[in-house]
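Taking it in order: structure first as structure tokens, then the write-up.
Labels run A, B and C following the written order; every chain starts at residue 1.
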């Protein structure tokens, strides 16, 4: 894998507001990379500095080994799919797609028409070229925006919340199509999104951003299983947090977890350096379980009382109170055959395993 | 959100706004400063004596004609404003609330068309309507309602008011309409849902929310009417002359530009003062209610 | 229902004077009063042969065209800056530029008269009128153009730049075609205001009269009033045609930009 985009010490100020703080980042050729974070975290600003639509206040943006300082958006090997799609309303679909080909004097009219038709076919809009662009649906506009950017064969395609304007069904369909398209064209995609599920589904690697900084950069599985901070863990999926006391740090970590007792965990389960003393232990709801009547387990058990029941159809989420912990534990259970939905107040046993714990400072 | 606050963008914005800004500075602010300066000078036959003096203002205060003219002008402007805005509000309300959305622009178009036809000719035509042998008198005579032509409708303040109310109608309707259009219709439903009837909903929700439009309408009618001398000249008769006629006379007939300038300054200050008082009272009223 | 009746009565009030225009323009009598005496087109004929009127019309057209172009250019600057950029004391600057909208015309007229004649000791000409008309028309142009510029998605120009166009060609290829209907309707309205403006023109006209100033002169001679009526009729007809074109263009612009019509010039 070769580095395509390198950001070194990138800072961005808007007056007193510090929008990007010392961003260091490398994005590889052919990668599907996501910038994930809550609104206002700087992810769109970061994308726009790569596109050349924003200047950096400080630091270096390199694309393909070239310093992009002073290179304006029109001269960069990047193309963008805008959040609003920015389809030119006065131009037809084909004219929109051909927009960036205007200065290509090496191509004649027929070449261009062929390229436009190919690009439209690639996004599943064959035969739409003559349509007026303002008559398109949201999904179609997005496909036009994709075709318009990809026809220029950029080194990087930048996608600014491209799916946020679509309804849930359309969004899921487009997620699959975007993945397929990215594999087909082999271009580096950088996606900005606030939807953690979208980022997990689509990306090779994800940078989670908070307040202008990158909180964690990892592949989706690592990000989910080994978040390096409470805020990353809370932003991506749900997690129960328990007070913990680190007793010894070495090849394994000995830790006393509130409600669960003394355990010894693998060093990998602490993504960031730990010291002896106060810490928190995180555990995902689906890695805990309720032991139903007739089921057996070899894992550890702890007594609890059902405090709240939320029924989701395929799943039921239980809040179960255990001794020594203020917050009840959130537990996700698949509604398999034979499993009843428990009532509030039911005494039950919770199954847990120290391998699913994450220890955070 | 923050994308637009960069200093370079700010610079680009300032660069772009500077031609209209400097134009307004050069052709509005600077000349306004000039007449203020001028009002402290004196006309000496064909020359202007540039020694600083308050004589022009003393003259305005001491000679009752100026005070009377100013008073009458402010009164006429106030009445015109009131009549115009009161007549305009129901129209704006009708177009905003009772006209189908696709018909709204047609109504606005119909309302604005008369405004774009020659002002002088419109004023003159009111003379034809209200005059001794005019449309109203001829009509009333023909159906036998009156025996001889009515004379109280032309060449007096009433005629001036009617004509100005007509001339400024669209200026009053449009800002009120815009304010009414902005009102979220669910607010009215919420008011009804919370137990208010239609009339009280209007007074407790619609009217306060439309107030910015009404204020804009009042100012946009009140301020320019002070400066009109065509209508009083043509419609006002001997007793219907206003301050603008006097300013015009000082400048163009009596060749006493400094006194004219002082009159213009006084007129402008009075209008501004009244407008500010109006805005303040309105704010207090709105705050008092909430 | 009663509101609708009121609305119609109001329209009658608005249109009452205008309806009289053609009636008296074709009336075969020098006195403008009822009863009507007969049909004639003489007054229109007289218009065709009146040379001083022709000069006044030419003057007015020149002034109106220059005013339309210049105030629309200033309006484009202000509307684009207002819609696309944030800059220091923006509200203050925009308010200042819009101020002529509420400035009494006589104040504009006398202050410019003082500056031009007394301070710079320059002669009055068509250009002094143009300068003043641009001042009072610019706020109207800004109001119209604001609609056009604010409906634009700012990422359209960015998209064009991202697709390889420079800042200027992005404006030319994307923004300009989209706001063109607004530009045309802004020019038409500035043109109409300037053509009709009397108070300022009366103070600032030099040796050559504008059309409203000429009409003002005619009004003192009752014999020439029917000619004024004929002239007025033609002007009203022209205004309505121009305004209809402006309105249709505005709507087409809205439709082209894919925006819902919110109605009205202002």
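Everything below uses one rule, namely that a residue touches a chain if its C-beta (ideal position, glycine included) is under 8 Å from a C-beta of that chain, and two chains touch if they have at least 3 such contacts.
Labels paired with UniProt names: B, C = ABC spermidine/putrescine transporter, inner membrane subunit.
Keep in mind it's a predicted model, so treat the numbers as computed, not measured.
Asker: Can you tell me which chain pair comes out on top for contact count?
Answerer: B-C
Asker: State the chain with the largest centre-to-centre distance from chain A, centres being mean CA positions.
Answerer: Between chain A and the rest, the longest centre separation is with B.
Asker: Per-chain C-alpha centres versus the global one: which chain is nearest?
Answerer: Going by the distance between chain centres and the overall C-alpha centre, it is C.
Asker: Which integer distance in Å separates the CA centroid of chain B from that of chain C?
Answerer: Here chain B and chain C have centroids separated by 18 Å.
Asker: When the centre of a chain is set as the mean of its C-alpha atoms, what distance in Å lies between chain A and chain C?
Answerer: 55
Asker: Cα centroid separation between chain A and chain B, in whole Å?
Answerer: Their C-alpha centroids are separated by 58 Å.
Asker: Quick one: which residues in chain B touch 2 or more of the other chains?
Answerer: If we look for residues of chain B contacting two or more partner chains, we find 5.
Asker: Listing for chain A: what residues touch at least two other chains?
Answerer: Residues of chain A never touch two or more of the other chains.
Asker: Using the touch definition from the top, list the residues of chain B that touch chain C in their complex.
Answerer: 4-5, 9-14, 16-21, 23-25, 27-32, 34-35, 38, 48, 87, 90-91, 93-95, 98, 101-102, 104-105, 107-114, 116-122, 124-126, 128-129, 131, 133-135, 138-139, 166, 169, 174, 177-178, 181, 219-220, 223-230, 234, 244, 247-248, 251-252, 257, 260-261, 264, 267-268, 271
Asker: Give every residue of chain C touching chain B within the complex, in rising order.
Answerer: Listed in rising order, the residues of chain C that touch chain B are 3-4, 6-7, 10-11, 13-18, 20-21, 24, 31-35, 73-75, 77-78, 80-82, 84-88, 90, 93-94, 96-97, 99-108, 110-115, 118-119, 131-132, 134-135, 138, 142, 192, 196, 198-199, 203, 212, 215-216, 219, 225, 228-229, 231-232, 235-236, 239-240, 243, 247, 251, 261-266.
Asker: Which of the residues in chain A come into contact with chain C in the complex?
Answerer: Interface residues on chain A, with respect to chain C: 51-53, 72-75, 78-80, 82-84, 86, 88-90, 99-100, 102-103, 134, 148-149, 152.
Asker: For the complex, give me every residue of chain C touching chain A.
Answerer: 153, 155-156, 158-167, 170, 173-174, 177-178, 256-258
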